[in-house]
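Presented below is the structure to which this report refers.
A, B, C and D are the chain letters, set down in written order, and residue numbers restart from 1 in every chain.
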């Protein structure tokens, strides 16, 4: 491979916000910034996406909360978080000072909660984008709402009306038609779509006859789901005009490139961070190497380049 | 008991496998060369190792011994599943991706207290390092009472002798479920018997425990009843090991007494027994 | 492990039909009997499920049709088959002579085609059950129909009226609510449910910028999807009273046991057969070993034994 | 060209790795002990090997050589990805799960015809075994014309000399894209030149080809134009290798001339060139 023959540009712009690289952390896999900051230089992250924040504190599910599966993992964390007020007091000040883009991911039990969360965060400085987690499969009713295009459209519209912060709508793959969900969000004011969240799954201990997760079912993530995620992003990118952020099983720069090729403008790295705390930075560096190898100067030039 | 914020950036390190010794049935002691981990680790902390390229997750191991001069650290484990299986198969010289030292440490204690280290099975690993710290005076003054180490195992055949400790300076006692080595019963039964016999004075003792969870729960109850301060090192399946996944939780109480989930990897692995709801 | 202390009984009965073991082959992964017969003794198979048969011959999709992914594989075979008449002339006579149960899997473009297929097969002897593939994600519209509970109910009812052969309805996992699909089938006369078929997925060659499947998207199978399959079977078994047949990533006897524990009465082995031609028989033998180890005499005693 | 129905049951076999020899840049020849495969394999057939426990699928390899007396067979491959990488790393003595021999064989030809074996790169593997069959008379009478083998490679450095064949009985000619060994151009160009030069008489020749698909397509066109009967051995990604997955297809024509997909693993890998639609 020839050494740096071209100058590569990894910056991208989504909803008018510029990002240093298209590689972000994924919600729930990099905490709220504190822990990850010791392991990777925030300047080299495209964005830091926080763990989902809810209106009220949530204790989360009992242990065990995770299982390693073939090529992936299940999690049933149960959206443990301290609630929006503690988030604003304890976490946001530090996040705001981090030299990277900050995406705050919010989750509610109903549309009204999303609206309240968005309103509350609108009063605060230093939030570059909001990401609406409409897709967490671990909480009762979460699935049904997030896989109904009508509900997704309504929720997006209401949140849109409540805040001026750009909105990403994060979609569930537990549906027969993710493109319709994306269209509903785009038609009601979303600035970008992110996909996918985890697939509903389950594991059983055949010796004890017990589920391996205290919550019985959980969300499947990691390399095992990359094919599902790629198909989802491919379909969404052909269904909407707003940017798509690809998520699911990204472990390397070439994985990220594949998401860009099928139409994503940016990607989020989740499970990989558990293996390597600086995974998102590694992925960005490998993406740069890949661009060098293929003599692609601007990362945007990869987007949607898939040849059928 | 929060770990102090690390000075400077943390990063993954490359630990080179130096040697593998079988020290019990399916039980291995492995030595790795990695100067920073060797120098920085304090008793109770763990390393998070990537046993091979095909595994998604790392596996956590308590640091069992360190040699800061040689720049090596040791771990002690039983070959159980995929992770330990892969580690066990690595030849000397293999470079292993390691995070560490992670987590907090056992807290040094008041000088006039007798430290009682209560180990169930391989829970002995971090306590051995703590014993060494106590004896070398890092955590304790020379004139303090002699530390006691209670080692519990199912059977004599499974009992691993703590590596490189002198029984002159350390009072080591054994317990086995079947009485094949030392006291017949669990280590918690042994401690209980010692209290009854007056060998241990509750007001002048500090307990440190590590081992299977039912044993720790029993130890916590005993210490609470006897009002002996007690620190426990816990184990959980750990996807990340550095606090971001919220997978490794244990139910407990926060400082105001509210129920909450602690992260074992970052809020622990060492906890005040009173803060855990078993 | 003690040697054969108890006598194990692997037979099960579904829709009045007795099966020697609860481990069957899965549609599309064991051909139409001929090839697999040289590799495994049919007497030791619970049942032989044929590749989907359609009314008209189908050429299938161009090559490449498969990709290995992390922990799994994608396929876009495109339902290649010679059509029902050639099937009846060329394949059925040999299938009929095989000393195992024969399940003929049928696929149509619309409800009427399923009805015609079922009628045509009703004239033929030697078919123990029909399996309705309502779920193949590779053919246009396949997804939408099979993930609509109303359509599934209607189709089941019409086929039910057209034949006396017991019916298995095979469901897609590309839905937000597989339990509703199962309920629709059960309420309209299905004798059993099988699940899951493959998840929609995609793979990209990042060097050539091309999809790795000629058909662009395909179906994900193998160990990677086992958690999704287990969750689906768990939900279905709690939603319906008819037997459930578990499918998805089963590679070993303990995998099979996990499906039985969550409520399946039988399982089908798919992708594993590509690795080991006699995988279904191996799985059955390992299941027997597992029953020995846990001192479970009748395989039916494992069904639904999950302890919450 | 269907493989005759196997007498008796087929089953996976355990092939023991005997030796690994590097015979070119990243190119290995591996020998396995497995008497049944060694005895039964005919030129053109392949083995389907499970390179290690972590891979989902087997990998297909043409049989390159057999020694029925010693009970061994050889394969020849380039280390490319996961499968070949895993195989390459196995130490001698490793037991490899093998299916085989699978697929059909090159068809023995009329006695008065000159067999011309046209190999692109490692496509040489099955043709080497065929050459040996031809020379040993299994497929051909002693008085028949001397077989010709054309070996094409990019560069001389990549050219692997076929194992254990004598150039006395076999007319071996080389072609390289850059002319660094033998004819400058592809093997198909070489064959074309030989026809033009009158070295090959179309009516009295039979072509057997194996190599990259563009080369085979060119060979098929040349042979069709010259009316030389031609058999080609194809390669496909093969999930199963024994005909059940329908993954390994090639577009072609059935006996009535209808377009259809052939399965390379079971209807081939050797096909009459006329039955393939490149």
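As a convention for this text, a residue touches a chain if its C-beta (ideal position, glycine included) is under 8 Å from a C-beta of that chain, and two chains touch if they have at least 3 such contacts.
Computed from a predicted model, the values in this text were never measured in an experiment.
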{"item": "Between subunit A and subunit B, centroid-to-centroid distance (C-alpha), Å", "value": "36"}
{"item": "Whole-Å gap separating subunit B and subunit C, where each centre is the average of the chain's CA atoms", "value": "49"}
{"item": "Inter-centroid spacing, subunit D versus subunit B (mean Cα positions, whole Å)", "value": "59"}
{"item": "Set of subunit C residues in contact with two or more other chains", "value": "71-72, 222-223"}
{"item": "Contact graph of the chains (line, ring, star, complete, other)", "value": "line"}
{"item": "Chains touching one another, given as label pairs in label order", "value": "A-B, A-C, C-D"}
{"item": "Residues on subunit D engaged by subunit C in the complex (per definition of touch)", "value": "5-6, 9-12, 50, 56-58, 97, 99, 236-237, 239-240, 242-251, 259-261, 266"}
{"item": "Of subunit A, residues touching subunit B in the complex", "value": "28-31, 34-36, 38-39, 41, 51, 59-60, 62-68, 71-73, 75, 77, 80, 222-223, 271, 273-278"}
{"item": "Partner subunit A, residues of subunit C touching it in the complex", "value": "69-72, 74, 143-144, 147, 172, 174-177, 199-204, 206, 208-211, 216-217, 220, 222-228, 230-231, 234, 249, 254, 257-258, 261-262, 290, 305-308"}
